[in-house]
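Each of the two complexes below includes chain A, the first together with chain B, the second together with chain C.
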Partner chain A sequence: MAARAFTKGLLGFRHVGAAKVKFSINGQHFATASSIKSPEIQIQSFTEKVPNPPLEKHDHFRLSELFTLKDLFDARVHLGHKKGCRHRLMEPYLYNSSLDYDILDLDKTEEHLRLALNVTAQTAYRGGIILFVSRRRQFCHLVETTAKECGEYAHTRYWQGGLLTNAHIQYGQGVRLPDLIIFLSTLNNVFQQHVAIRDAAKMNIPTIGVVDSNCNPSSITYPVPGNDDTPVAMELYCRLFKMSINRAKDKRRQMELLQGLSEPSSSSS
Partner chain B sequence: MAALCKLRFGVRSAVRFSPSISIRTSFSSDCDDGARPGSGFAAAFQRQAELQREADGDQSGSIPGQEQTFASLFKEAPIRDNVVVGRIFHVVRDDLYIDYGGKFHCVCRRPAAGGERLQRGSRVRLKILDPELTARFLGAKTDTTLLEAQGILLGPLEGREVQKRGQNQKQE
Partner chain C sequence: WCSLIQSLSKPSCNSVMMLFSHFQLLIFPELEMNKIFESVCFFFFLVSINFFNHPLSFWSLYTIIHDRFRSIAYLFPSGLFEKKARPFMKHPDEVFPKQRAVQWGPDGRPFHFLFYTGKQSYYSLMHELYAKVLNIEKHQDRLRAKGLFSAEPKQISLGTSRWLTKEELEATLVETISSHDYDRFIQLMERMLSMPYSSLEEEFILRYRQQLEAQSMHQIVPPLQKDEKGVDFSTAEGKRKTSRSSVVVRDCGSGRITINGEDYLHYFPVLQDREQLMFPLQFAGVLGRFDLEATVSGGGRSSQAGALRLAISKALLSFLSETEGEAMRQAGLLTPDPRVRERKKPGQEGARRKFTWKKR
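Up next, the complex of A and B:
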């Protein structure tokens, strides 16, 4: 009981009673409401008027200047587990080395990380809910403070079975699920894959995950091959995700201000 | 506001690069034989433009960083049975958690002799026996890891530093 209240507080699911305004951002679902009050029409058209950055443009928020390959190297992102712990599906991301422990190829990591940061920023720009998940007890506090500092959500405790799949019964009707889930460690402490990866795939929620050499990258939408055991590496990831979300949100606020300056003149005419 | 400033800065830096490049091309087109202007304002301006470009190139870390590949940064160095320098980042009574720059930390027992000097932040010498403790158990598909390294604590780093300083003074 206490655990459930705790996770609820941490998750902070927004109960959308007046679901109309929220769903208009996504654009597609909302069509059936017959009587729309006039102030709500204005709100919808206002949010729709803010132009969304094109998704084909690869680095609209210039997130590639947030990190270099040298930063990844210094944060020990390339270090993997021993050869015996290797997951078969991680072999494309490994670098050929004769050491007894695996080395992840940072050229590929850099590319994947850039993609992942871009997706994060685009989601945050469009007002999406981002959930940070990690079951590593060593980094639980770090992940929670990261989420707090960028105004998003984190879940670093025991994952209840029906959290995503049974949300409408456990938390009431009209609960809004996260639009993006970021796994800072895809395994839970008993070296099994985190349940949320499978559940997010079931609920069509895109996922970003830091996959180490002993993890399974297959169900994750945007895997980022990298070290998830060293504190330096985890701090780097948290910092990068936080900076990209903050950048996107600042840009959004700036665009809304600009639109707000031009909006009253157009509505009055 | 921060985003606005960033955008403005980006535009400014782009503007800074382009005029220097355009002026350079115009200079080279004027000197038909391809030789640099020997003296005068033209030569001085070219020299200053080059210096500024080099200075900007050093500051903008992204451009030279992108040219580096992982292969150039990574050197294979076996870590087993090596003596390394580590730093203690956590202490639980007699157990010292030491970070030596590898993937995992090493946990060593506090030595009886001179153990009180070793606190959080002190640097120690370690001999790494195994960078990650793993073992394959019967019936398992993959190894089981302990997420720790194994090493022997050789002693604090202070002794070596004092010796080095003494040697330097003798040389001087």
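Up next, the complex of A and C:
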């Protein structure tokens, strides 16, 4: 029950629906798409062995060292689109606009980005599946390489209709859906909101999204207001996410090794 | 398999049905099988032996296991006596098509990083391809920076090759792709080929190219061989309908013809068949020069004669000049006759003959 309280803040949106198999291991909820089989019991042992880092302790992985405000400015993260493209819901995140070009507030960006990186790291620590999504052809290769290097997953191609909502037909029975989706660009090639944002919300999957001044930040769990058009900015984001995931995984491996060393002495559950 | 073994311990209808379903594996051990099938077959055989040594067993497949043809006749009784209507077994690979194994590990995490796209092999191929394009561009930029960029670098020798077709690509990737995807793939490949330093990734490009078979319109002339006595001879094969023949033409000078060990006069009493045999020799004007030794099987007398004629004409090519060979081809001696017996259709008396039409 204590474990349940831990995960409430992180994955509190996971109300498992009636149609899905309610599969909860040690407080960590999984919403699998299959109604017959569920993932093997080895996930149980994954969380049993190593205690999860406390979520109350802000920035357990010291991810604030990864970037500074100056880095964001140098990567031109604050540059937005023109006033005509501005989305109404992005107005709170704008600092100013000069010559009709919107400028995003980097203080807010920094705060949101820290939160997003923390969420990523905590998910990666618990062995969650992270999916990188971006429909920008310019950065498709970059995003896929980033995902490959972290050991996570990417989808920068045409999004077929039922990939999340119709998963047991698309992929087969017993597939495990992503536990976190990171949008490095929330718009698709026709400047409409990416279908995956709506689908992830339907499937109770938390999302992180880099929202530019022409994007809608409402359905995204952890929006990060920032520029998604410049290559420098995209490289910065990819680097930051990759580093946070790698840090979390390394920490996990360290803790498992420590647990493994101390196991003969302590009594196992 | 544990459940199968358990069920076998109690003779019942269910176990008999399971025996039937694995009958194929048991009765045809000479089929080249998967390791799984083999081990299963052997295991099942062992267990069945134990089972059927039981004195009260009413189903003694023990004798039937060893006599597979009698067992087929027993287990598949059929009112059809046509040889071609006999049941035949397909290889397990044809029955169970190649499927992809489960794509994720025991913790549920998929193995491939592009799993969630749906078409992981195709997209990973595109990713790899684009990476190679970028690599070539980087190499070219480096050379340009150093000033070593040559205008005429080594080109890939494509020769007579074509890109893999969509079906062939699907077969390599083991997943279906749309025609749009295929076009994109070819576009990117062409773009890579158009770059001057594409020879860096030659091996990768050639993997997706298919050599065109040199379809020569020229007749393949059988080689002229020499036997121990120094006599030239050549061998050729011919077919017509269901007859298959093989002929050895020797440059003896006797004009003797032996078919299946018999003299041709005895084998073909009818003049028409003997004329068919002689026609190629008469056409080439070498009637008495060669000695023929033939074997023929299948079909009737006329088709056997036709098969032999084709074989003789082919064998003669190695003794004749190009123009004479061309003349033979023009005469139609070298073309195998494509006509075969047309099947009988239901609702008709024969292949073409309909039933008698009655007005009322």
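Keep in mind that, in the parts below, the second predicted complex is superposed on the first by the 214 of 269 C-alpha atoms of A that agree within 3 Å, B and C clash if a C-alpha of one lies under 4 Å from a C-alpha of the other, contacts with A are read in each partner's own complex, and residues count from 1 in each chain.
Assume a residue touches a chain if its C-beta (ideal position, glycine included) is under 8 Å from a C-beta of that chain, and two chains touch if they have at least 3 such contacts.
This is a predicted model, so every value here is computed, not measured.
Asks: Looking at chain A, which partner touches more of its residues: chain C or chain B?
Replies: Between chain B and chain C, B touches the greater number of residues in chain A.
Asks: When the two structures are overlaid on chain A, which partner does A:218 contact: first (chain B), second (chain C), both, or neither?
Replies: Neither partner.
Asks: I'd like to know which partner A:78 touches here: chain B for first, chain C for second, both or neither.
Replies: first
Asks: Report for A:152: first if it touches chain B alone, second if chain C alone, otherwise both or neither.
Replies: second
Asks: Tell me which partner A:166 touches in the superposition: chain B (first), chain C (second), both or neither.
Replies: A:166: touches no partner chain.
Asks: In the overlaid three-chain picture, which partner chain does A:105 touch, first (chain B) or second (chain C), both, or neither?
Replies: A:105: touches chain B, not chain C.
Asks: Contact-wise, after the overlay, does A:262 reach chain B, chain C, both or neither (first, second, both, neither)?
Replies: It touches nothing on chain B or chain C.
Asks: Identify the residues of chain A that lie in both the chain B contact region and the chain C contact region.
Replies: none
Asks: Inside the complex, what are the residues of chain C that reach chain A?
Replies: These residues of chain C touch chain A: 102-104, 106-110, 113-119, 123, 127, 130-131, 134.
Asks: Spell out the residues on chain A that touch chain B in their complex, using ranges where they run on.
Replies: Interface residues on the chain A side: 62, 64-65, 68-70, 73, 76, 78-82, 84-87, 95, 97-101, 103, 105-107, 191, 214, 227, 229-230, 247, 250-251, 254.
Asks: Okay, in this complex, where on chain A does chain C touch?
Replies: Interface residues on the chain A side: 39-40, 42-43, 46, 127, 129, 131, 141, 144-145, 147-148, 151-155, 157, 160, 163, 170-172, 174-176, 178.
Asks: For the complex, which residues does chain B have touching chain A?
Replies: Residues 1-4, 10, 61-62, 65-66, 68-70, 73-74, 76, 78-80, 101-104, 131-132, 134, 136, 142-145, 147.
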